[in-house]
């Protein structure tokens, strides 16, 4: 006795085909009616680079390492993001800020090396939530493809946002909807699941 | 003396037929032999068209080039015969064969000497003996019994080939 | 075209076929040479058929006789004979190739020199 | 000895027609590749090529350009002359078939000369098409064998046996049509349909058999076993690259085009305009020619669409299914169709 899961189950018919069935004509006609009906349907695809599908505000894409308004790196290499990461995609090495580097790093400690393995990353956004310094956030960019595995390990240079003072235009572009995003984040929200 | 298109075509086709027939027996690779034989059949078909035997020309291509030679090619390809596996006869035997063939040709051509060679073939109006309607009428009235018998021959040949080729 | 041209052409093709049969050891090539000989004969038959047809029509025209169907049909026997030769050749090839394939299966060769085993 | 007496006008007229038809075949073949991709996309709810030019209409040019500039590779172990002969033969036989098809009503010049829109209205007409199609096997066989690759050879042998097998029911289905017209001349076959109605009305079964066989002869899905990608890598043209590969692919599309034209001529009245008596319009012969030509092209396009439609609907047959269908289903059906047609014609004559 087997358990009936749905009402769509069909008994397999293993009778030998009759002559009319064995020339397949009727079944072919049925199949062709199905395909021709698809000719008039709405296309499921879009012209991708020109047209993009709209994504929700909270959609998470590629990571960005943030700078403050003066262009100093926010990250202090505390390692909370790496701890929070369920896929263990983040590795970092800390270094101490030397005198004269105050314009580069906001606090005394900074990340000398910061890598995210995009093949491991599941874009869950836990790193963003774990970060106490607002240093990492997930942008709205889709992670691009690459020919080599090496190319998917994003170094600090790939992740850092452009300098707001030196390259203001690129910075604004990279910022994207981040401004709004941050606004949403700063508003007190009740998590859906406790 | 005038040269007509028919004459030019006759010479071209004759040279083509003889050359490709020679290549059939001299090629080392059996596949090349088959392809040269197909070329021979095509030039013979050309001759048929010159002799206004259109039906036979087309049947020659369909039956010989399209069916029989495909079978040959098939068998040769499946047996994977090529230049290396080709059995070669001893040089002396080859020469003897060529001389024997040449002598035959000589004797046959010499016997033509005594024949009156006044008969010629020209294109004439109404010379449509090789056209499909005329041949068809003849075939299905006078020769209908041989025609039917040949179909039985075909059937038996088919059955025979299947029986022979079947694995026990 | 004089008929002798055609006769000599078919004789040459026929002799080439015979030379092929005499000089080659591959059973399939020998078979092909036989086809070549058949074709040489076919060509001759068609040439003769055309010659007879032409001669009959010309004779009728010379004698100012009405050109009847029978006169127009003269020589068609030759072409019908060619048709039957082709039919028989096709039947022959099917059986012959089947035999060669069987022979290849048994002795793994198409060399006719090995075929003398049939004697024992 | 004086120079040959040649009707230069006839030669000019025929060569214009020949080059026109060859050009047309190439053009149609090019745009059938485009249509193939577009129709495939549409039937799968996609958009298809739309980058090269508006709606992607320059896509075939881009493809052709790509094929031209690819590296030409002739494998070392291949049989070089035959390797080159293969695609050439495929192309030649594909193009030759168009000689006997009447493309439009004859064009009558002001001087009263009749210019037939047909390269050669020969006595054996449709038989000539058959003979050329039967020779078309060699393109595949030679190419597959000369590549010296077992997959190519397997595909070539499959293709050849498939084409030889399906020629039989095709011929038998055709004989029923020939019973009705009493002539093999293409022009008379069309003339008979203009007088007595299209053959599809009298020969629906014959047409279906002919169509299925045409699919098999063109190596189109569901009978594209010679090119079965997942069993034979790529089929008989696996070792080919650059324009030689292009020739094989092009020959397939030209074959499709010509077989559509043959089907339209044999069963769908050729250049006949349906439901109207065009003779009563009193148009001049130039416009008649143009209109009848476009009607034929419309019919051909319809068949080409059906070819593509079938390709993107029906999966490939298994090899034993293919042979079963050909020998055990189509040949008996075609024989039956032939006998019934013959009996009915005899009865009507009495």
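Points to keep in mind about this one:
Residue numbering begins at 1 within each chain, and the chains themselves are lettered A, B, C and D in the order written.
Assume a contact is a pair of C-beta atoms (placed from the backbone, for glycine too) under 8 Å apart; a residue touches a chain by one contact, two chains touch by 3 or more.
Nothing here was measured: the structure is a model prediction, and the numbers come from that model.
Of all the chains shown, the one with its CA centroid nearest the global CA centroid is D.
Greatest centre-to-centre distance from subunit C is found for A, with centres as Cα means.
Comparing chain pairs B-D and B-C by the number of C-beta pairs in contact, the larger count belongs to B-C.
For this pair, subunit B with subunit D, the centres built from the Cα atoms lie 28 Å apart. Measuring from the averaged C-alpha position of subunit B to that of subunit C gives a distance of 6 Å. The centroid of the Cα atoms in subunit A and the matching centroid in subunit D are 51 Å apart.
Centre to centre, using the average C-alpha position, subunit A and subunit C are separated by 77 Å. Touching two or more other chains at once are residues 55, 59, 67, 78, 128 of subunit B. By the touch rule above, subunit D contacts subunit A in their complex via residues 39, 42-47, 50, 208, 309-310, 312-314, 324-325, 329-330, 333.
Listed in rising order, the residues of subunit C touching subunit B in the complex are 1-9, 11-20, 22-26, 28-29, 31-33, 35-36, 39, 42-43, 46-47, 49-51, 53-55, 57-58, 67, 72-77, 79-80, 82-84, 86-95, 97-102, 104, 109-111, 113. By the touch criterion stated above, subunit D contacts subunit B in their complex at residues 1-2, 4, 6, 79, 82, 122-124, 127-128, 130-131, 133-135, 137-138, 141-142, 145, 153, 156-157, 160-161, 164, 167, 183-184. Contacts from subunit A toward subunit D in the complex involve residues 19, 22-25, 28, 31-32, 34-36, 38-39, 41-45, 47. For subunit B in complex with subunit D, the touching residues are 1-5, 8, 29, 31-32, 35, 38, 54-55, 58-59, 61-62, 65-67, 70, 73-74, 77-78, 128, 131-133.
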